[in-house]
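Several structures are given next for inspection.
In the two assemblies presented below, subunit A is common to both, partnered first by subunit B and then by subunit C.
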Partner chain A sequence: MAETGRYLYAVTRDLRPQATADVAGVGGTSVETLAHRGLTALVSTVSLDEFGEEPLRRNLEEMAWLERTARAHDEVVRLAAEHGATAPLRMLTICRDDRAVLDRLDEMYDDLVAALARIEGRHEWSVKLVLPPTSTTSKPPSSTAATPPPAGRAGGGAAYLRAKKAAAQLQRESQDSAARTAQEVYDELSSLAVAGRRLRPQDPRLSGLPGTMTLNAAYLVDDACSDSFTSAVTRLAGSHPEIQVRVDGPWPPYSFIEGDPS
Partner chain B sequence: MSESFARAPAPNTQSGRVQPANLADVLERVLDKGIVIAGDIRVNLLDIELLTIKIRLLVASVDKAAEMGIDWWRTDPMLNSRAADDVAKENQQLRRRIEELEGSSARAVGPGDEVQDEEPQSASTSKERERG
Partner chain C sequence: MTVVARGEVETLRPVSDIALVDLLDRLLGTGVVLAGDIVISLAGVDLVEVRLQALITSVRAQAEREQRAWEERIR
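The block that comes next holds the complex of A and B.
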């Protein structure tokens, strides 16, 4: 019989145990609730063959394992967030047993209660701006290859390089303007949110969004304001047709659970 | 909604819950955000840092990571893309093209100063291309 540990997903308040019945946790485990002093921890029993220190070291290097586990963690957090204020824990928080989990809840009690109060009735929204791939300016070699420069003229190579430079200049200018747009959009939406953060732009390989991400913003928005927030995004998208605008949410307030969001 | 992107199909959806559409969204949140409670299972800090660095580099700049020799994702079927190969191929074509052009202008004007002047310029331009 392999050793086991208790994997913690999130802490919420007074979640009914049945609420987790139809969600699968990390490693395909079932998810249980552990109530303590008005807080409820969402936990699973995981095998230390997979989630022990040594196995984790290996598993973390495997992108497929990481994705599976991250998505399962996220799924449980989102389920809890649907039922009320939820404080997500960092992925891979694992204790020996229930006693150890309750000890941690006691140690963190004040912080957890404060965090839950801060995000009560609020959710996270993601707004991204993506500059579409520049198919014409980014491929000068193939377009000029079709029409070779007139032979016999001096400086054919120089003309080619000048054209390339001009194309690069054009691209730089369009990127500068995209950066300004990103800041404007970010600021305008910030005024409708409790808090906002600019996250690192994502790579297309992970995001599946082709082009250059010029804004990857997270906002903490009052549930009562979510309609006006998404309407504002729609309006901003309308006034910037050159850029793709994407809004996702509502999500658990991952990006605003630590510290004072205001 | 106004977004022009097709919403990526959400794997692992077990209900109608709103699902973060992309892996980058999920990873940057579950790995980097959330409350930190010290568990009993200590994931080797060095490894975690390495992982975080990898993910961050991947999220921030794939080519930068490759420059630094962090290219583990290239062999990962999930992340493997032809894009990197394409860039290398494009660079090669570009270099060949520049050589051709320099060759033809050299033939046209004979060995002269102008052609020599272009050399450092073309080298730096092709490097810029690699970075972009």
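The block that comes next holds the complex of A and C.
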């Protein structure tokens, strides 16, 4: 029989073992609970033929495997989060055995307790700003095109260069203004959240959102404030019609678990 | 919930609809990081950046193939 490891999804508090009965974990495994000092770890037994270091390197290159595993991990975390504050672990955290899981819980006990207290009654919301691709950035502005070029070859060439320069200038201005808007929106929403983080903007080929992502933010928001938070996003979207605004949530607090409180 | 441009609000999306890239932003970029007696001490982010880079490369290769096919058609 192949060697196995314990895949660790998340840590929560006092979760009943029956709570995980209906969810499938990564690789179709069943999900179990390990209780320890008032904490509950959600774990599955995984084969190291699939989840060992070398197989993982191959599997991570396979989009379908990566997606399946990410969604299974997320589903288990969400299920636990429905029952109470849940600290998700980074995907693909695998311990040798239960003893190793419990040792980690002991080692991280204070941090975990603090993290769970920090996220209690709160969820993560994602806010993205995307500046759609515009025709003005790829062509000279139409006002220039409408102006008849001065007679003579030299004059026409100069007009072309002027128009090209003006278009480049316009593009720079629009990018600068988009960056300023992104910072303003980020700051304004931060005032409604417990914490905020700016994640790296996503590539349009991965996000499927054409244009330039100027903000990819994550916020930790009190559940009691989630309506006012989303209303604020809607209001901001209304006052910036030139930018596409997306808000997604509630998420488990994935972006707000790391040890250092940033 | 998703709000799309210009104050327009969409309803809650099913979990299966969550963009994979949003999930990976979170599942690999953050979370509690364990160290020590672990079989896998993955630099997950690095590996996945390799993977996403490969995806971008394949998207680009596909676009180039389409471009070449188009150029051949109009020749």
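Criterion: the second predicted complex is superposed on the first by the 227 of 262 C-alpha atoms of A that agree within 3 Å, B and C clash if a C-alpha of one lies under 4 Å from a C-alpha of the other, contacts with A are read in each partner's own complex, and residues count from 1 in each chain.
We take it that a residue touches a chain if its C-beta (ideal position, glycine included) is under 8 Å from a C-beta of that chain, and two chains touch if they have at least 3 such contacts.
Predicted model only: the values in this text are computed from it and were never measured.
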Message: Please determine, from the superposition on subunit A, whether subunit B and subunit C clash or fit.
response: clash
Query: Between subunit B (first) and subunit C (second), which does A:23 come into contact with in this model arrangement: first, second, both, or neither?
result: first
Query: Touching A:51 in the superposition: subunit B (first), subunit C (second), both, neither?
result: both
- prompt: Between subunit B (first) and subunit C (second), which does A:96 come into contact with in this model arrangement: first, second, both, or neither?
  reply: both
Query: Given the touch rule stated above, what does A:110 touch, subunit B (first), subunit C (second), both, or neither?
result: neither
- prompt: Can A:165 be said to touch subunit B (first), subunit C (second), both, or neither?
  reply: first
Task: Check the contacts made with subunit A and report whether subunit B or subunit C touches more of its residues.
output: B
Task: Answer with first, second, both or neither: which of subunit B and subunit C does A:79 touch in the superposed model?
output: first
Which superposed partner A:201 touches (first subunit B, second subunit C, both, neither): first
Message: Let me test your reading of the model: by the given contact rule, A:234 touches which partner, first (subunit B), second (subunit C), both or neither?
response: both
- request: Show which residues of subunit A both subunit B and subunit C reach, each in its own complex.
  value: 5, 8, 11, 48, 51-53, 56-57, 60-61, 63, 66-67, 70-71, 73-75, 78, 87-96, 100, 104, 108, 111-112, 115, 126, 199-200, 202-203, 205-208, 230, 233-234, 237-238, 244-249, 251, 254-255, 257-258
Field: Footprint of subunit A on subunit B - complex, ascending
entry: 1-5, 8, 11-15, 17-31, 33-44, 47-48, 51, 56, 58-62, 72-73, 76, 78-79, 81, 83, 90, 93-94, 97-98, 101-102, 104-105, 108-109, 114-115, 118, 121-122, 125, 128, 132
Task: Within their complex, state which residues of subunit A touch subunit C.
output: 5, 8, 11, 48, 51-53, 56-57, 60-61, 63, 66-67, 70-71, 73-75, 78, 87-96, 100, 103-104, 107-108, 111-112, 115, 124, 126, 199-200, 202-203, 205-208, 216, 218, 230, 233-235, 237-238, 241, 243-249, 251, 254-259
Message: Quick check on the complex: what are the subunit A residues that touch subunit B?
response: 5, 8, 11, 22-24, 48, 51-53, 56-57, 60-61, 63-64, 66-68, 70-75, 77-79, 82, 87-96, 100, 104, 108, 111-112, 115, 126, 130, 138-139, 141-142, 144-145, 149, 151-158, 160-161, 164-165, 168, 199-203, 205-209, 230, 233-234, 237-238, 244-251, 254-255, 257-258
- prompt: Any idea which subunit C residues touch subunit A in the complex?
  reply: 1-9, 13, 15-16, 18-34, 36-40, 42, 44, 47-48, 50-52, 54-56, 59
